[in-house]
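In what follows, structures are represented as structure tokens.
First chain A sits with chain B, and in the next complex the same chain sits with chain C.
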Partner chain A sequence: MAVNLELLDYDAIARRESEKRYGKWWTLAGAVLVALVWLVPFYYLAVSVFKTQTEYASGLPLALPNSLTPIIGNAVEAWTRAKMDIGMLNSAFYGVVGAGVAVLFAAMASFGLTRLNFRGKDMWFMIIFAGTIFPFQMYLIPLFFAYQKVGILNTHLGMLLFYIAICIPFPTLVLKNFMNGLSREMDEAARMDGANEFTVFWRIVLPNAWGPVTATFLLQFTWIWNDLLFSTVLGNRAETRSVMNSLQVFQGSYSSSGPNLVLTAALLASIPSIFLFFVLRKHFMEGMKVSAL
Partner chain B sequence: MNEISQKDQAILARIGVNEVEKRDRRRQKRDFGVALLFMSPALLMVCGLLLAPVFYNVYLSFTNWRKFTGLDELIGFANYERMLGNPFFGEALTNTAIWVVASIVFPIAVGLGLALFLRDVRFSNTFKNIIFIPRILAPTAVGVLWFYVYAPQGLLNRGLSAVSGQQVDIGWLYQDNTVTPAIIATFVWQTVGLVMVLILLGLAAIPKDPVEAAQIDGASRFQTFRHVVLPLLTPTLLVVTILSVLAGFTVFDLLWVMGASYPGQRSLSLAVYMYFEAFQKGSWAYGSAVAVIIGLVVLSVTWVQAALQQRVDRMVR
Partner chain C sequence: MRRGAPMAEVTLKDIVKVYGRQLAVRGIDLDIPDGSLVVFVGPSGCGKSTTLRMIAGLESISHGELRIGGKLANDLPSRDRGVAMVFQTYALYPHMTARENLAFSLKLAKIAPAEIEARIAKAVAVLELGPYMDRRPSQLSGGQRQRVAMGRALVREPEVFLFDEPLSNLDAKLRNQMRVEIKRLQRQLGVTTIYVTHDQVEAMTLGDKIVVMKDGEIAQAGDTLEIFEMPRNKFVASFIGTPQMSFFEGVLVQRGEEWFADCGSLQLPLNAVAYGQALAAGNEVFVGLRAEDIVPVGHGMQPNRYFAVEGEITLTEMLGNENLLFGMIGPLPFVSRMQQPRLVQPNEKILFHINVDRIHLFDRTTEINLKVA
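Right after this comes the complex of A and B.
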């Protein structure tokens, strides 16, 4: 049976194929509508930070700003009034040191749990992992009380100690699973050559686990950066406040002085996590997946 | 019998099995010491700063500790009995129950809907990324942003005025009947992106063969989804549901930031109620008891998840 190629309606075939692949045009329209609804708050944020206070109060919330320059004044004012410099420095310190030390401790524990031979490994792991099963509310009162007794309430040290502890269990789970899959031949070779266990950990296992180590570090850093609850309870002084706590305090005390200033502060506080997300997107997505499953 | 075992022992001694065993045991002991050294920082931090507080919290809930007295005065279940008659506790419990139901229904309904809808649309990746974006922001920043969206002169009221043609003046975050739904809407806006991504991963893992077989047998799209895709997606949906229930049950940041101007803020959820009682009123023991209740609920949800997970695993196998 010969097909007369000239009688075929190529446009119709292409259209049918494309519809089969992507659905009708109205599905695209629906998706655009959903996306617009999702983005409106962001658009509102974006135009608000470019407005002066009078402009914000008098105009429509979604109107475009008259000029782009007010953002500089807004940023400076929000930065100084919300004491963002101290908040940012504190959070960066808590995040980098806290998550760094926590992931190091977690890696050491995982090394012990996977590369050495002893009984009752599951029990030891469960003790560490038990740190994730209780809700945060159960830590607050005893910690507040104990910190007060020891004298580390509202200090950088106290905040840091807690952040290290809370960031240990989850990386231990991830790194233990990862190290279980690493080949043990290199360890044995190094041991034959007279390396001690710490050298094996530091020179051989840790460099091989670099991928999950960075992924868990980033996740824990973001957790600490975003934390509001523990900063409110354990470090609620101007000198020790985290950036999110500063933001919340600023919103509470300056709600009369113009939403655009508070929104600018919210944007400033979010820049590091947005930046990290886009720069390290792949790591992050992997981290999110492991954190959820 | 005896003779054989003697002979065996002789052979074993000759090839040195006993020695090997002994060396093995010695090595295990040494390894355990080294492993303990490696685990000790993690163990110390977790036990000292997380597990010990949990036990101490349970102890506190049975004392009469308030302000500066009563720390060593055990009063049994009196703190728990006090909850039963407290109207704020009742309201907080009701609101928490609303949060739990909402965080089962909405993330699944919206997340699954979006996942199925955006999977085959043109430019599907762009749309998925847009839905995911709110997730990168801190809950505090999201709370601040939506606080102004819901403000009396805010974006939402202005928008409704423009659409309806008359002045709309709803105090979304000031009224009893709107404050919880409004904050839940924000919660869904922020968290549903991750739910969608997880469901998409689950959908991608479903084998093609049964789906195609159903289509060849003449099943409609809905039938295929209902009887082939949905059962295979159940494990994913289960994990996602439990995750969002635990997140919704213990949510604090959003309620703290967005509920700041609501007169009844303390009864927005058990987590906020516990904070008020302990850190603002100084009823430490009573606050500990509320924390224990929160802990019991979280543990039982985790336990139900483990049980269901086992059943689903068996079904799939």
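Right after this comes the complex of A and C.
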């Protein structure tokens, strides 16, 4: 043998390979720099929630806090002043039911658009998808007056209807593309096995679309959870107010609370979204991949 | 071992499939006897899969009658036809284990759990599925998926099995193995089976009856030997058999009592008796010769009546047990099969004996075998 495998410099080979894979050190340094800039606001939040109002006012905004305990007082005050309990419940309801129903409808629509034969299939898809082409703000004023007229302004039902409707087009686009890629022979096998169309959808196609279904559900849930504009305009009563909307008590000319309180409230408000991402992250990541098999 | 399944001969009468104005299947007439294994074979686009899918109920039938077990099945949904299918991609349900895949149809049919268990156990035994019943399809190899797909068809205890190119995704070795297994299974169960493939070797080795299709029509239907020995037309002759039959353009000539096919540089004597009245002087024909009927002198069985000719070799394919010789007789390209082979150099000149009794003649315009016409 021409090469002596005993004497190969395996470390040098590994170094070369990893350099190829990860790039040179200055690429890494650049990335770290960008990451730091990106992380500064998070750092600002992380230190501010541990400061009392006086502590915040007396020191530099980015200075480290004196102790960790003030966060409890901040949280309690933020929670009670913003009535975040009602806001959380409302937002959870809008988010879970709204995004859930929307994604289910989108999945059904996608199944129909990819599996069933009917007239004007492409036109129907374009009509559904047209919903996302225009800026959402466009719907604001007409919806307000329409809701007023029908009498569903400031109601849970009104909010839910809006969220479901606005959340259908995007999942439809994603799920239609995904289902297009699912094997037709699988459906045919199920049909020969005695399944009707609904069974094919419910027991064959839907379980295999679970990844993109959870991914779109999470994205739509987060959108609903974070929505401020529509919940302010369409549901501004205390009992229908969403959590983001309720944070507004800290803003405006009569508010006397410092940034430490606002940031604590914002942190509290974002916990459920983050929690959901963690719970469903496996499916979410799967949904991001292009499915094989 | 018949499981007492009801008689299920499949009858196709004038079956036509159109897509808009496009004719995909142009009138298929076929009787598939109960318990037989019939193979549809042909190049892609010949309508074999479409025909199978019409039998399966996955495509509507544009015209004609389909009977399964004597019952008109044109408008029956798939699930009521008593057919089960094995797909090219296996089409297993990826989110279910092998066991759940097998049980799916039975659960939908609301069959009692004990009976489901019994049927699955039987399929597991027949197909040796035991070790991987609790795995998902993604954890199975190609061959194992294939078995599970067959198991899924088996548990339904169908009257008719349909196979749509089930082996084309397997590697060569596994393909041969599964081919034998499918045949064994079919014999064992005695269920009417329709098998679609584009691979003529698969068709030859599997089928009791082979249906060669071309352009949406049956080019020839018959048993293996019949199709090999008596191809109805030039298409069947060229499609069936490896390597492909060699064809020479020629003209029929009569000299006294003797008949010849005049191919320019090659004057082949013919066995006129075999053709009856079919030979007419001046007729333009294709002369067809299988590789084993162009015998290199000294290699393999020498024909009783032969015509000796020298050929120049251009290319060889050494397969170990035989050597395929590609060469020219004058301007005419041909392939010969060399048994008990030796290495042959390009440009080597070899003497061949052409088996005169096994010359095929096809009319140049209709391409139909003169023995049939």
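Going forward, the second predicted complex is superposed on the first by the 227 of 293 C-alpha atoms of A that agree within 3 Å, B and C clash if a C-alpha of one lies under 4 Å from a C-alpha of the other, contacts with A are read in each partner's own complex, and residues count from 1 in each chain.
We adopt the following convention: contacts are C-beta pairs under 8 Å (C-beta built on N, C-alpha and C of every residue); 3 or more make two chains touch, one makes a residue touch a chain.
Computed from a predicted structure; not experimentally measured.
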{"item": "Contacts of A:185 with chain B and chain C, given as first, second, both or neither", "value": "second"}
{"item": "Which superposed partner A:80 touches (first chain B, second chain C, both, neither)", "value": "neither"}
{"item": "Which of chain B and chain C A:195 touches, first, second, both or neither", "value": "second"}
{"item": "Touched partner set for A:148, first chain B, second chain C, both or neither", "value": "neither"}
{"item": "Partner chain in contact with A:177 - chain B first, chain C second, else both or neither", "value": "neither"}
{"item": "Partner chain in contact with A:66 - chain B first, chain C second, else both or neither", "value": "neither"}
{"item": "Touching partner for A:58 - first (chain B), second (chain C), both, neither", "value": "neither"}
{"item": "Superposition-derived comparison: chain B or chain C, residues of chain A touched", "value": "B"}
{"item": "Chain C-contacting residues of chain A that also contact chain B", "value": "293"}
{"item": "List of chain A residues in touch with chain C within their complex", "value": "183, 185-186, 188-195, 199, 203-204, 207-208, 210, 293"}
{"item": "Contact footprint of chain B on chain A as seen in their complex", "value": "21-23, 27-28, 30-31, 34-35, 38-42, 44-45, 48, 60-62, 102, 105-106, 108-109, 111-113, 116-119, 124, 127-128, 130-131, 133-146, 161-162, 164-166, 168-169, 172, 197, 201, 225-226, 228-229, 232-233, 244, 247-248, 251-252, 255, 259, 262-263, 265-267, 269-270, 273-274, 277, 285, 288-289, 292-293"}
{"item": "Complex interface listing, chain B residues touching chain A", "value": "27-28, 31-32, 34-39, 41-43, 45-54, 56-57, 60, 114, 117-118, 120-124, 126-127, 130-131, 133-134, 136-141, 144-149, 151, 154-155, 158-159, 189, 194, 197-198, 201, 239-240, 243, 249-250, 252-253, 256-257, 260-261, 270-271, 274-275, 278-279, 284, 287-288, 290-292, 294-295, 298-299, 302"}
{"item": "Residues of chain C defined as touching chain A within the complex", "value": "56-58, 77-79, 83-85, 87-89, 91-95, 104-105, 108-109, 137-138, 152, 156"}
